[in-house]
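In the part that follows, the structures are each spelled out as structure tokens.
Look for chain A in each of the two complexes below; its partner is chain B in the first and chain C in the second.
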Partner chain A sequence: MGQTLRRHFRPEQIRELSLVFLILGVLVFFSTQIPNYLSPRFFNRIASDVAIIAVVAIGQTLVILTRNVDLSVGSIVGVTAYVVGTFLTGNHELHPVLAVAMAIAIGAVLGTINGVLIAYGRVPAIITTLGTLAIYRAALVELSGAKTVVIDAMPRWLQELPGVTLASFAGLDVRLLVLIALAAVIIFQLVLSFTNLGRRLYAVGSNPDGARFAGLPSEQVVFIAFVLCGALSGLAGFMFLARFGNITVVAAQGMELQVIAAVVVGGVAIFGGQGTIIGALLGALLINILQQSLIRWISISAFWIDALLGALILAAVAADALILGRLRNLWARSEVQMTEADEKRVVGADVPK
Partner chain B sequence: MRGISKRFDTTQALEDVSLSLYPGEIHALLGENGAGKSTLIKIMTGVHPPDRGEIRLDEKPISLLNPIQAQTHGIAAIYQEPMVFPDLTVAENIFLTHRTRSPFVNWGRLYRDAEDILKQLDVKLDVRQPARGLTLAAQQTVEIAKAISLQVRVLIMDEPTASLSAHEVRQLFKLANTLRKQGVAILFISHRMEEVFEIADRVTVFRDGKWISTKPRVEVTPDGAIRDMVGREIHDLFAKTETARGETLLSVKNLGKERTFQGITFDVHRGEVVGLAGLVGARRTDVGLALFGVEPADVGEVVFAGKPVRITAPQQAMKIGIAYASEDRRALGLVMPMSVTENISLPMLREYLYGLGLINFGAEKKTAMQFRERLAIRTQTVDVPVAKLSGGNQQKVMLSKWLNVKPQLLILDEPTRGIDVGAKAEVHAMINELAEQGLGIILISSDMPEVMGMSDRIVVMREGRQMGIFTRAEATQETILAAAMGQG
Partner chain C sequence: MARVIQRLKSWEGMLLILLIGVIAFNAWQSPVYLSAQNFVNLFQLSIEKIIVALVMTFVIINGEIDLSVASMMGLAACMLAFLYKAGQPMVLAIVVALFIGLIGGAFNGFWVARAGLPSLAVTLATLIMFRGLARVLLEDRSIGDFPQWFDDLGQQTVIGPFTLSFLIFAVGLVVAIVVLHYTGFGRYVRVIGNSKDVARYSGVQVPRVKMILYSASGLVAALGGVLLAARLGAVRGSTAEGFELDIITIVLLGGVSIFGGTGSMFGVLLSILLILNLRNGMGLLNISGNAQTGVIGALLILSVLVPNIASRLRQSFRTRQAAQAPPPPAVGKAVSAE
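The block that comes next holds the complex of A and B.
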């Protein structure tokens, strides 16, 4: 089977395929354990949850590809949700598009702060974003005076937004927010696969020194990744506000763990240079489905859910090291065989004397 | 050591080499780059096991499968860059590798013992001070003290003086003499001929992984040693074709960078290959990096294509037409997980875009396939990650990448290191072809026959200084090596 499989798929794609099968396997397993498991309501809920995580995971993927990490995403989501929510409380007439733009802008500004410090100030990303994680959150507590944004004070369109459904098949809703997230995933996957920026993100992450020697503006690439991550977290902040309505100062606290888990489980290499946004989306899906299912199956407590998340990250990294490493070797070996066969054919034909 | 052999992939690093060290002798080891000195050190310190041959200590065969075994036999090495732990104190560094039975540290004894050893060496150092902030020479002293604390029998000193001041060298020699009196066998490796003649009792010369000679110092002359080091036939494998020398392309005057190199002055004409020769530590790569703007020079003038320029970034260098193919393919040259195509287009990706930053995959692949043909890169498709190609083919991908920038001046840093003979010949043919097309080429190479065969003129460097420029007619292996060792 080897050759055909190897010609058509790269190890990374196999990984994504195996995630799809894993998700299906999980669904099949729980459907035998939990009565009425595969209900439309269950899937709608997962879709709405994952939509928010996935949008943040896109940004996180961009950052991790460059061999950095952004721990402040949860705080950015919280700040954006709160600030936009507060603003809308007093300005019901604000156009929805402007509200979204405002959220993205706030996120982008916070991401810019990260980006400047990391790309140009050369402070390690883990330190910088650990700092801004706390600072953004503390600023929120300070500015808000610990007041809460309440859904009843929101304009009508926002209250109705989570329920806006464009189409429905057998109870499965295609909701606007989910579509927005899906659009973002597709757009950024295309950016990674087909644009100059995408190529540069991979190059800078795989070999920072090599990228510098190739004359790539590494600082600028890292900076852009952080700004985009902030902007996407801002968009997610708006979605968070729309979905939950009631925003306290602890909104989206700890989200960074879920997002990083999704990205890593989705096959994005924590040392940069490898991974896809589709993978990150699949990772987010798998994690969310497991969480929801386990709660219903054995009424597992929220604390155990965190432990589960941790275990999943470890399993993903281990799988990466063991399975993917082995796959790559297998591929490399067959490639060498092919190349050697090539060389035998080529040698003598066009070697300059 | 008898009949030691070691092979790495395709290179025979050491071939049937024998060497004896006696207690209380300082034995100098001489050889060009690639003569096998480093490999020998690695075998003696247990980093690499030999493929064949045996090592005897006190007439008993010993095995050195790992550094710890070497240590327990009393074999230690100090290097040009000492490997101390900056946050530990001098005393901790000295006793770091000692195994004690007690899990607790007896600080009082630790400091006392450390002071004893330093007193024995007649040096004054505060044993409680962290190693950070010590001069390089003091750090070396700490390493020597560490070796002594391990009852060293054989001490290898690998280019220990390369970064030391004249005064510090004196101190180090005094230490070495003290150790000699105590019956330690010292293997002293240095590119500085005068030091070798000052301190060594016997001198051994290696060439191309083979033992050439071992003589008492009194029977050795600098000229004789240099002849032993280079005495090889140059075959016409490396013949540069004569090309018409065009107008001046690059003119470098008094280029310097603090603590790195100074007074570098040479011209490169169109169609000319200028070789940069020198031994390890000559700072040739630093000159290349300065001209490419990675580590810009501090002082000096550079005139490129008739215009004075100050090159401060690789982007700028590429824009005016300078490309630099690094010696370190893996770390600096290629992005290993990326495909042949992606690597070739990387510096010039702007040329392969539709609007909106979208990559024109077709055009990109076409370029890659052209280069595959032109340089005979052996790979079935240009879509495979370069990590999967052989060294020679990786080198060709890197050359393609820089040729695609369409430079006027190409700096090649060790373009044939670690690739097989066939690929080497192809790279040389490529260099000839490029020179014929009117490119100026700077060839940095530690491979003496290569530099001599391929260069129209050769700039010889030694420890950051320019020792001379030789035309092809003037250059012989002896003159170049003598200049590189400061004997010119």
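The block that comes next holds the complex of A and C.
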């Protein structure tokens, strides 16, 4: 029984499963505490919020897998949202697809700057992105003249975009922006699981020296991770613009902390080499549900949100280190046993009677 | 070893040249620049940050990081304001605020040193947590009207043109130099930063050293928060928000390796002086605070990038000469040059 279980689940999957149960548990708990809690509107709002965070979290996961970190994502999201918004204010006839492409391109350029400095300039990621966090934001504040992008000056399609719904079940909307985010999550999860690049990201992160000795182009892999992270942050910047419409120069400031929190709660190891994008999505979902629920819970002041969030992150990291490490050992040991058993069986079958 | 000394020398030399350039430029821009009063004012505007940076230097040389210091500054300031508003005597409020810092720092230390969790993740969590607790205490109020003597603590000069905060910084600097460079404890900090395993096998009590560092970091951050409250005369939930970036920038620009093991207090002092003078100079040129932050961000990146490129050029030059095989590159992992 234990062995068949171990054959079908890996520790990471158990971790993700426990996140799912945790989310369900939170929902059940608050539904007993808050009247009218499980309303379709509540879920629609969570979906729209998480969509943006999740897209950035994909990029952050790619970067953290390689044992780096990107602190500049909040600034990239802000810059993209602001620049695309300003451009659309003056160019209403721009095709929506081109607007999205523009956002992704801006993000990719900013990500490329990070990537070049880190992968080829050998400046540690935390230093580089700490610097570009400040530089990108400062450039935005200086060049914009502190003007604000307003929703009313946007083209009509953008104003309507957040409400575009493809299907609706009992008030639960399947919104276009949410679908885009979901598609990105699935695509990049597939990339991680089944492509060369995916394997390389894990390899570089779990053992940089080993990856180099094995002949992997470590620099190139890290570079690609940062470019993708920038591009995804650019996409998220577009979604941010569509969702909020009114963009000031401080838009998305501090988002990097939310994103890293989501990624870490989702089980991506801060030292690289471990984690999945599905996990990061679940982490983002759990954090957002908790935030939205605590705001509505009367028994506790809304000011407790951050304090609890910090404790949650710490608990997630601690649980990872204490429990998941043990699970992995258990798995590795039973893997050895099973292989031995298999070998015996095969050998036994070959023996002629 | 001689190479390491040379590297440190060239780093500090670079900072020194930059610093002299900036000071010369500022003095040329403004005639009052080289007065003692301006010198003190220079420090006064970010005195709390640089006090905290002294301890951060130890933490980073130790190979760890503490992202939660700014939140701890905020929490200590909010705790102080909260207790004062609740009718407690100010002295008690200060003591409790400092005590909170010690507890919070030890909390970080526990998870990093005893549980062995990555400090980046732990202190990110406590960054959010301490800030959250600060918000819980003050909600969206702003509390001021502290007793006169407390406000004076932050603003009035004590000896000559020096304020209490400045004197605390000066004393702290001397203590930090002595501890880091001339005591066994300082050597432990460095050895652990070089290689945790080597330190452990040589009998250094790694968890204990880390515990002490994090506790000190929390305590000093709380002290910074109290001094900030005294200087500003009012406290709110967002007090000191985002300071951690400035503090870490100061330390890294001072030549302390983010991977631990290398760095000197002298470099950090030069970095403090450079950043203060640079900000002041840009202020004279009417460059906004935001752009100033951007420039310092660029300086931070360049400070690592330029030596990297230089060393790579030197290396390729050497391999082309192929006279003697160079030893493997010692980037960030060289044994300290005591």
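Simple rule for what comes next: the second predicted complex is superposed on the first by the 327 of 353 C-alpha atoms of A that agree within 3 Å, B and C clash if a C-alpha of one lies under 4 Å from a C-alpha of the other, contacts with A are read in each partner's own complex, and residues count from 1 in each chain.
The definition used in the following text is that contacts are C-beta pairs under 8 Å (C-beta built on N, C-alpha and C of every residue); 3 or more make two chains touch, one makes a residue touch a chain.
Owing to the predicted nature of the structure, the values given are computational and were not obtained by experimental measurement.
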Chain B versus chain C as contact partner of A:Gln274, first or second or both or neither: first
Which of chain B and chain C A:Arg212 touches, first, second, both or neither: first
Which of chain B and chain C A:Asn196 touches, first, second, both or neither: first
First, second, both or neither for A:Ala183, with chain B first and chain C second: neither
Dominant toucher of chain A (residue count), chain B or chain C: C
Which superposed partner A:Ile298 touches (first chain B, second chain C, both, neither): neither
Residue numbers on chain A that touch chain B, as the complex places them: 194-197, 199-200, 202-203, 206-207, 209-217, 273-274, 332, 335-336, 338-339, 342-343, 346, 350-353
Chain C contact footprint on chain A (complex, rising order): 69, 117, 121-124, 126-128, 130-135, 137-139, 141-142, 257, 260-261, 264, 270-271, 301, 303-311, 313-314, 317-318, 321-322
In the complex with chain A, residue positions of chain C that touch it: 65, 111, 115-118, 120-122, 124-133, 135-136, 139, 237, 245, 248-249, 252, 258-259, 288, 290-298, 300-301, 304-305, 308-309, 331
For the chain B and chain A complex, residues of the former touching the latter: 292, 294, 313-315, 317-318, 324, 326, 331-338, 342, 346-347, 349-350, 353, 356-359, 361, 373, 376, 378-380, 384, 387-390, 401, 422, 425-426, 429
